[in-house]
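Presented sequentially are two complexes of chain A, the first with chain B as partner and the second with chain C.
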Partner chain A sequence: MSLISSLNTAASGLRVASQGINVTSHNVTNATTEGYSRRSLRVETALPSTKGGFGIGNGANPTGAKRSADLFVNRRLVDAIGDESRTASHYQTLRTVEASFDDVSADGPGSLLSQFFDSLSRLTQDPSDGSLREEVLSQGTRFTEGIQKVAADLQTGRLSIYEELEQTISEINNRLAQVADFNAAITASTSEMGAGDFMDKRDQIIHELADEFGFTAVFNGDGSAQVSIGGHAAVTGAEHRELEVQQTAAGVAQVDLQTGTGSVDITSEIGGYFGGRLDAQTDIVSFESDLNDFVDTLATAFNTQHAAGFDQAGAPGGDFFTFTAGSEAATFSLDATLAADSSLIAAAGAATASAGDGANLESLIGIESTNLYAGGTQDATQALGAVYASVGRAVATAEMENNTASVTLDDLSALRDAASGVDLDQEAADLLAWQASYQASARVVTTTNQMLAELMEIVR
Partner chain B sequence: MVRDVNEILRDTIAIAEEQVEAARSLDAAALTESTGFREHLLVELEQAVNERKELAGAGPLPLDTEELVFQLAELDTRLETLLGIGITTIEKLRGTSDPDTYTFEGRLKRSTP
Partner chain C sequence: MSIVRSTYHSRLSALSSQTRRIGDRMARAQLEASSGLKVMRASDAPGRTSYIHSVRESRADQSEYTSNADWAFQHLSTADGALGGLATVISEARELAVQMSSETYNAATRVNSQDDATALFDRAIMFANTNLGGRYLFAGEAYDSEAYDAATGAYLGDTEEPEVAVADGNVSVLTGFDGSNLLQGTGDVITALQNLETALGTGNAADVQATIDDLDAAMEQIAVARTVLGGEMQRADDGRAIAQTMTIALAEQESDLVDADAVESFTNLFEVQQAFEAALQVTANARSSLLFSRL
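What follows is the complex of A and B.
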């Protein structure tokens, strides 16, 4: 072997070693980078030269850095991130709503309902007492305002979901475009190390999309990723489609995916953080509906009975409560005329009754314990309690689902880290093993050289 | 029974080629294994050389033995180069492992990186 050949062989070793440094440095530098997959050096023996029938080694060439990643775990992880995020935001949103349904304190609607009917009971002691009449109006106002507050909180919670979606949708569209750009860069890349870095960055964006919107991904053989939602492709190769958000007439958020032929409603397909928020939106709409039904039934029954009585002037009773159909709880209040004049409370059972007559009051009080709700199976207190119970059940279910999703995500994250994560101890151990092995070999070579020199000396 | 020097040298050359291959591919386990074999052969070679010393007056070293020695020396030169590169790069990566110490004069002796 010529001196030049030896230098070439040594140079190939240098390339391997310097690539080894690059790969190890890359691993160590990115040890704390989220989503980074560990690289390992891939080396191939260089084709030997043939001279005089003998093969002469030409060293080795580094052919790239292998990206340590488990595609199955990665895909399951994308799904799990979406599930955990969805259940977490669902639970957190419902927790906020639950706070509005405070029925423990004296200011909760349940307590205010009882206090209102209690004030009616006290009025029966002396229906002509102006201060007792004023107290009925006062308690009635507190009760309706309590219901209004819960309705306003529910509405605020519902509208905040739409507003948040509206603010975020352009960011989501940007990320879909980024994934498409990275797909193009990956399929065009000639460097395995470079493509691996693009993949890590793209996968991180896909994880964020899964986390926020529940997008799922399929990884193709050419390294590109197809991102879709509910079976509708949002990114294919270097192309992506945009999302749009709108508010329906019912005041709920709707998300559409633009397609070549128009748009498709994907609201029910959305997962991740916003999937959880939209789940909560569905729950909130249900709570609002239950609360509206309660107010409608109570106010209608109370007004009907109130109209059957007579006020202090002997005139038939007018409306006690008012509300607007479709938003009963939010508009629930005392009739404005009645609220300004307590003598209009129709306590008497007859127009010609004495000033102390409270016959109609007894009937009004009876409405609290009459089974008017849930198909005639629940009274007012039970019906309001059922609304509260449905909120509590929803919160408990959401919490349980979130706990389950968190455990699954933790397990898959551990699996991913085992397959792809950089273990600094492992990198250090690799270096130590190389060092010990190289130094031991160097010592043996030196001894061999001495021995050969000795052998040559014998014959001189 | 000590084997013939040429036979031992040929085995050593084969093992040295394995060492070169292991050093090139940063395969520490293979390098350790081949070096272990090489150490056994070295002991055997030492015995053979000692025996050869006793018979040195018998004549010059055969040409085929000389050729094997040069072949092995050339392989070892390549191996030393590779090992040198490996050790240098690993030391660069690991940094110094020697702590700073005080001399007898009380001066701080810093470790060299």
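What follows is the complex of A and C.
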């Protein structure tokens, strides 16, 4: 082996150490970059050369930067991100809905229901008292407005989900297109380091798609990723399909995935943030239905009994409440004619009533404690309480699911970090090792150079 | 034993998650301690929500029952006062009847004393038309106008009687009376006085003597009326007492369901605050535990 060969061998050491410092520097720089996977320098021993029957080593060659990744953990992490995001948005949306019901102050529907019937009870003291009659109308208006407010909040919450989807869907489509573009770049890349960076960026987008929509991904042997939702492929290789959102006649959002021949409804398959929002939409529709049923039953029973009584002029009672079928709670109000004239409250039990005839009032008050709801097993207070309870249960369940999903995500994030994360302590140690390696190779060069110089002196 | 690789970033992330969770618990503990409530939303106790609503509704009902009982008691007390006045009138009328039925008085004197009987009749009508806040107590449900015609003594009221609920189960108390029944039953207060007035006008002692039995029956009628009224007052009083007791019991029940135990709340808050401080300290220490900072 010649001294010149030794110089080349030492130079390969300098190259390896230099590349090692480059990789370490890349890792340190991206230590806090979301989705970045740690790189480690792949080094191979250079093929030996044979001279005079001896096999002589030729140093080492850097062959690439290996990306540390556990595909199984990565796939589970994508699912966990989607689950956490879904349960979080579900919980947050329901918390907002729950606040509408206002279970603490005196202005919640439960309190207003009670205050309305209490005003009827006070009217029994003197059914001819105009101020007590006005009080009934006032409390009735407060009660119906309280129900209307909850219904409006529920409707706003439901519609906001569609509006948010409509505003976001083009961004989701852009990201699907980006994943397809990165797939193409990865399969076309000839550089391991460059492909790794593409993968990191693509995986980060996939994480965002999982986070927002619950997309799942399968990573192929060629480095590309297939992104799907509910078994329907949205990105395959360099191709992607777009999503569309529409509002159904029932006022709920529907998301379709375009296919080659048309589109398929994937609303029920959506996960992630919007999956949670859509879960909340389902809950809200259920709450609206419960509230509508409550209003329908209460108002119908009250109007029927009111019609059996007589107003101060001796005329049969008209409607006390009004509502529109299908949106009972949102349209719940006092009859406009009655609201303008408290003498129309049919408190009396007879047409030729005396001032103190409150016979029908007693029957009207009795409606509050009559089991008219849930198949005749609940009274008005219990029925409204049951609506509250169903909201409370949904919120509590969503919170519990979110807590579980958060812990799972934390665990998987830690596992992902264990496999792919950048440990700054390790990078610092690597930096020292590469520095020492560089210094040693440089020392070999210097020493060899001195030996060559001494050889030249002998020749001279 | 395998050791899972732990990175600086994952350590800080884990600490951050833990600190956030403790922060959430601390916020919850602070809210509970400051509001004094452990149930602020339905989701805090979904299983009890419906029952809490029922308890609150029952409390509101008891409040109304108390109000109704107070209202009824005021009217019944006023009516009792009126019956007392009527009893005095009947007593004085009987004294007049006994006096004028004596042969020691002549016919002219009896005729002259008819004015006294008229005055007694007027006083009786005044008591029978007693009103509280414009509400005539012996006019039945027609309490917005006088119960009796002042000139003829004819009953103008209604036979239906107003009432208010004072307890669950349709327990009601009368707040006005049918005067034609209460004052003019077996004994007729109005007619007895009218008969005395008429008898004195004849100047005939026997006629006057004959009214004494009517007046005795009228006095008995008032006694019966006062018994009826006393019973109603007792029911109003009982209703009020029950409602007040129920209000206290329900308030305690609601408190048990929704109110936080102050000692427990503040102890919990203290513990969570300590944990939060510790988490912050650990995070601060972890930030400086880095090999790079020692190179």
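Simple rule for what comes next: the second predicted complex is superposed on the first by the 410 of 460 C-alpha atoms of A that agree within 3 Å, B and C clash if a C-alpha of one lies under 4 Å from a C-alpha of the other, contacts with A are read in each partner's own complex, and residues count from 1 in each chain.
Keep this in mind: a contact is a pair of C-beta atoms (placed from the backbone, for glycine too) under 8 Å apart; a residue touches a chain by one contact, two chains touch by 3 or more.
Since the structure is predicted, the reported quantities are computational estimates derived from the model, not experimental observations.
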Task: Which of chain B and chain C A:434 touches, first, second, both or neither - done: first
TODO: Could you let me know whether more residues of chain A are touched by chain B or by chain C?
DONE: C
Open item on the list: Let me test your reading of the model: by the given contact rule, A:362 touches which partner, first (chain B), second (chain C), both or neither?
Closed with: second
Open item on the list: Touch test for A:238: chain B only (first), chain C only (second), both, or neither?
Closed with: neither
Open item on the list: Looking at A:413 after the superposition, I want to know if it touches chain B, chain C, both of them or none. Which is it: first, second, both, neither?
Closed with: second
Task: Which of chain B and chain C A:121 touches, first, second, both or neither - done: second
Task: Common ground on chain A, meaning residues reached by chain C in one complex and by chain B in the other - done: 428, 431-432
Open item on the list: Can you tell me which positions in chain C touch chain A when the two form their complex?
Closed with: 4-10, 13-14, 17, 37, 40-47, 49-54, 56-57, 60-61, 63-64, 67-68, 71, 135, 140-144, 158, 160-165, 170, 175-176, 290-292, 295
Task: Residue numbers on chain A that touch chain C, as the complex places them - done: 31-32, 94-95, 98-99, 101, 103-104, 110-111, 113-115, 118, 121-122, 124-126, 128, 353-358, 362, 365, 368, 381-382, 384-386, 388-389, 391-396, 399, 406, 410, 413-415, 417-419, 421-429, 431-432
- [ ] Over in the complex, which chain B residues touch chain A? Could you list them?
- [x] 5, 12, 17, 19-21, 23-26, 28-29, 31-32, 34-35, 38-39, 42, 45-46, 49, 52-53, 56, 60-61, 65-66, 69, 72-74, 76-87, 89-94
TODO: Spell out the residues on chain A that touch chain B in their complex, using ranges where they run on.
DONE: 1, 6, 9-10, 12-14, 16-18, 20-21, 24-25, 41, 43, 45, 57, 59-60, 428, 430-442, 444-445, 447-449, 451-452, 454-456, 458-459
